[in-house]
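Look for chain A in each of the two complexes below; its partner is chain B in the first and chain C in the second.
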Partner chain A sequence: MTDAALSQGPTSRGGPSYWPIWRAIGKWAGLFMLGLIYFPLVWLMLLSFSANPLSGIPGSFTSTHFRALFASTDWHQPLLASVVIGLIVGLVCAVVATVVGRAVPSLARPGRTLLLFVLPLFVPGMSMGAALFIFARSVLDLKLGFWSIALGHFVWAFPFALLIILVVTTRFDHRLVEAGRDLGASGWRVFWDIEFPILMPGIVSAALFGFLMSFNEVMRTIFLRGTAETMPVWNWVQAAAQQSQVPIIFALSTIVLAVTLPLLCGVFWLLFAKLDKS
Partner chain B sequence: MTMISAASEGEAGPVSRPRLGLRQWAARTNWVLGLILLAWFVLVIVPLAVLFSFSFFETKSYFTIYRPSLNTWISLFESGRFEVTLRTLRIALTVTLIELLVAYPFALWLAKGCRSKTLRAVLIALLTIPFFLDTSSRTIIWRAILGQNGLVNSLLMQAGLTDAPVEWLLYSEVSVHFGLVVSLFPPMALPIYMAIGLIDDELIKASDDLGATPWQTFSRIVLPLSLPGVMAGVVFTLGPALAAWVEPGMLGGGFVNLLSNSIESAYTALRYPVVAALSTFVILLLLALLGAMMLVARRFGDLSSSFRVLKG
Partner chain C sequence: MSAEPMLEAMDVVHRYGLVTALANVSLTAGRGEFLTILGSSGSGKTTLLRVISGLEMPKSVRRLRIGGVDVAGLPPSKRSCTTVFQSYALFPHMSVIENVMYGLRIRNVNREEATRAARQALAMVQLEHKGDRRIAQLSGGERQRVALARAVVTRPSILLLDEPLGALDERLRQDMQLELVQLQRSLGMTFVYITHSQEEALTMSDRVVLMSHGRIVQSGAPLDLFDRPGSRFAAEFMGYENILPGTLRGQDRGYAVVDLPGGVQVRGVAMDAASQPGAAVAVAVRAERLSPGANGPAVSNVLPATLTNKLYRGKYTDLTVATAAGSMRLRRWENTPLGETISSVTWKAEDCVVLAASDKS
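After this line comes the complex of A and B, so read on.
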């Protein structure tokens, strides 16, 4: 039992975290950065309810900007476009990533294939957008629009979806499939009744991640949109063009955050709580 | 991020997988995989190759001339673009360095010093969530915080530290640095955390037991083994920083021109070869900086062993 007591040790004694001062610096510097990431979101929500958001200080709370937002219809089309593109990208990501994620671990050299699939992670968004734009517009002479935005988003979101699926497929116990076959189930049934339910949390997370990556993408969309507009681009154009539109964008962003944040917490609950059990 | 752990676990996959009976199924999946690979090749590799070759064409009165020449590349280093390149490099490197200095100790604490499992899970979730949030609305809010009558200036003036609002807080290089440092923190911290998390506690304990000082344990064991994470973090920070567009646009107020602005103005002027050359240039800069980093990193540890996980 002394071993058990000792094994508690490394986490507290290990490495330079042995020095309390370094541990404290590391911890608080990181927490401060996290604060800097999340504080603006809170401030944004507060300002969207303030009478005069452009002053920069929240005060005299009102729902004027939300009413102005609902009175205007300009943002309906970009929002709808973003949601539809996001849904398509999420769905395609989940299906393709499941197929690839199941196949890659059984390949002779999975590393190379994997590297090819995650390559877009290493290419700056602007360069990838420009590459796809020149390829589609100048070489293939296609008219850009929603389809090219969706393709660009897919290239961006797919590596993430694949990495998430790989977390579940590499853990999958193939003896289960073997057992199902021995008991006489068909290939499709084995997949549907045994493999699919176990891979489910990964597949759902991949779809949700795909949706959210697409829903908030700006850099690639700028190049690939043609005349179409998605919501982040609409936000960007409005914010850059006129200051008077900013309160409405704050209100819209608040609504989007109120929807996305619980969704993301759901994904993490799926990934951490469910996967840790299995 | 997950790539490292996924690939290393994948090594065990082919061995434990039964060959019998699965062959048909595997054959069919691989046929589909081949098609997907082909489509992916057309979607990713071909456009990048086209981008590269387009940079050798040039534009004359709004028409692209399809004759190979180096004119576009030469023009990149004239007309003030060289200054823009230097500024972009300086800002991107400063931001990456700041991220590294803040993220490394934090990742170390998170991986080895944080005792509560729940707290760790929450912090990792908090680090991941920003990847999925809209950058433009997250960045535009800094205008309200850093502006002339924003939160920071109000606090400073109320505290009596300044009489007039501090002007360099917004629409300056400072605010661009600031915006980039905030938004690029998760991509630096997460890969480093993953790499340090994979280091076996037994190694650290053994080093302690053999009488190494904490500094020796850190410099000989923790640092070399965490290098792949540092490299990944640098890729995910330096790349976006070199191509940053939202932050300089929203917080630079037109005073901070970076390569991305040049790309955008060439794009609106329909000068596609210039767009191609600048975009290729950003990729090449990233590759060159990474190559330099790898040379430096080789002095600290055996990098080939770090990349073994990728080869599978």
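After this line comes the complex of A and C, so read on.
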């Protein structure tokens, strides 16, 4: 009985009771979803190189829109704002999430605390945006603009950063800290020599993710921006206001996509591929 | 061994909440001594080791000295002792040689000298060719050796070993026991070794300390503990298969005389001076010290017995016999004839100890 089950092992994954049609359905549904996700992106990229992108059909490829984009300086300010806010949010996220994430696993009941931290992910962006708007203006007395946007982005990105950090901090073996201290290292030395390098993939991922969350944020930014513009807000405003700008927006979106997608891939590679090797 | 002890821990008290982990434990170790702390899990042996290394701060301690230096209150990094952890606790992001060098780099030894010392330490544990490997590429036995090299490379006064062979398989464990002893002799370093295995304690140590419930139950040379356990607990822990209840009758030619149930009198070495005639005692004897038949030497104990069970265990055969004093176990190393019958069992008085029936604590 056992021998028979063992010899069947790898060939009949899912067991003999698994109706084979499910596998076919799963395969085709999966392919359909992949198409739904990536086709529009590829289409957008193709259109950004097309002579007449508003037709919706790619054709007669040209780099005109990219040249128009680089000739214009209107988008420099929003892009700079987005990048700087993203860098600040990423850095602050990495530092704060590391400090908090190292403490969470040692709590008696980490589950509850974690839930409180992660709950903002499920608060509608409009509610959070409005709440932060009131908070930043009346409580913090902040002039709406750069710093209120950064604050809103930080609140938005932090739970993600914390979840990523927790992947590495919950796996971290605290006996290594004891071994380090036992070998003569001070608490500070142990952190830099042992804990930090081992947590590093998570910390870098948290920073990258914080950057991306901030870079792509629109909903909260609308409430908090005052007159400041970030990249996605500028895109949206331009596209809504005048059709002549749309081809440039396509080109810009393509560039942004070309930058952020590899970054995200990098995050997951760091977090999972690199981590599993060590 | 010099007059100044390498390790001196006096009246260590430690509690976790309401649980007393160490109750006034005192321990000393001489220079170059191989001291083993033996005990089951929860006996406080690991806590004691952590108190010595400084990873645990005791609730109170009268004196704690390592190599003559008062270390009570000092952090682990300021103590001249290192630990080989049960889990090895090797740094996964460093190569083998970087792991071994770590203690030297902390002490600001320059890189060339540290590398040379680390290579030497690796050669000592026969891993000189694996310095550039990652920890994940090593086998369990190799990791154990790296942990050992990493701990001794800084030449600490005392090496603390927390069940270092626990995770290895039988063969490797026996080889490593020998190697550890040779290493300890060649380094002349004081080893404090923790184990729950009486076999390891007996084969490796100069002195064994038996712990139970946060106290030291008995301390002495391995043979003392093996042949002269001082309490019922020690006898049970050291693997005495036969522990029979009886009543103390008196003394005779240096031996305690005990009445066993069923009216037989036996003699044994008195381990509890406080027991008065009439007191309840326990007679303990090892299975391999019992032999069938009545033709023993002069001072021997004879108990009528009948064979009830026979268990072939490869290297030896375990026989179970029923006596009026209770069931007993014999171990025979030679092949026993098939149709063998046993009418009595016999053992020497010096092979058997007479203990207080119940432990005081």
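We adopt the following convention: the second predicted complex is superposed on the first by the 258 of 278 C-alpha atoms of A that agree within 3 Å, B and C clash if a C-alpha of one lies under 4 Å from a C-alpha of the other, contacts with A are read in each partner's own complex, and residues count from 1 in each chain.
The rule we apply is simple: contacts are C-beta pairs under 8 Å (C-beta built on N, C-alpha and C of every residue); 3 or more make two chains touch, one makes a residue touch a chain.
This is a predicted model, so every value here is computed, not measured.
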- In the superposed arrangement, which partner chain does A:Gly226 touch: chain B (first), chain C (second), both, or neither? neither
- Message: A:Gly184 in the overlay: touching chain B, chain C, both, or neither? Say first, second, both or neither.
- Response: second
- What's your read, chain B or chain C touching more residues of chain A? B
- Query: Given the touch rule stated above, what does A:Met33 touch, chain B (first), chain C (second), both, or neither?
  - Reply: first
- Touched partner set for A:Arg23, first chain B, second chain C, both or neither: first
- Query: So, A:Phe268: does it touch chain B (first), chain C (second), both, or neither?
  - Reply: first
- Message: By the touch definition at the top of the document, which applies to A:Gly145: first (chain B), second (chain C), both, or neither?
- Response: neither
- Message: Touch test for A:Met126: chain B only (first), chain C only (second), both, or neither?
- Response: first
- Item | Which superposed partner A:Ile198 touches (first chain B, second chain C, both, neither) | second
- Message: Show me the chain A residues, by the header's touch rule, that chain B contacts in one structure and chain C contacts in the other.
- Response: 175, 178, 181
- Message: Residue numbers of chain A touching chain B in their complex, please.
- Response: 6-7, 9-19, 22-23, 25-27, 29-31, 33-34, 36-38, 40-41, 43-44, 47, 53-57, 96, 99-100, 102-111, 113-128, 130-139, 151, 154-155, 158, 163-164, 166-167, 170-171, 174-175, 177-178, 181, 187, 209, 212-213, 215-216, 218-219, 222-223, 231-232, 235-236, 239-240, 246, 249-250, 253, 256-257, 260-261, 264-265, 268, 272
- Query: Touching chain C in the complex: which residues of chain A?
  - Reply: 173, 175-176, 178-186, 189, 193-194, 197-198, 277-278
- Given the complex with chain A, which residues does chain B contribute to the contact? 1-3, 5-7, 9-10, 13-14, 16-18, 21-22, 24-26, 29-30, 32-33, 36-37, 40-41, 43-48, 50-51, 54, 64, 102-110, 112-115, 121, 123, 125-138, 140-145, 147, 149-151, 154, 181-183, 185-186, 189, 201-202, 204-205, 208, 214-215, 217-218, 221-222, 235-236, 239-240, 242-243, 245-246, 249-250, 260, 263-264, 267, 272, 275-276, 279-280, 282-283, 286, 310-312
- What does chain C use to touch chain A in their complex? 53-55, 75-77, 82-83, 85, 87, 89-93, 102-103, 106-107, 134, 136, 150-151, 154
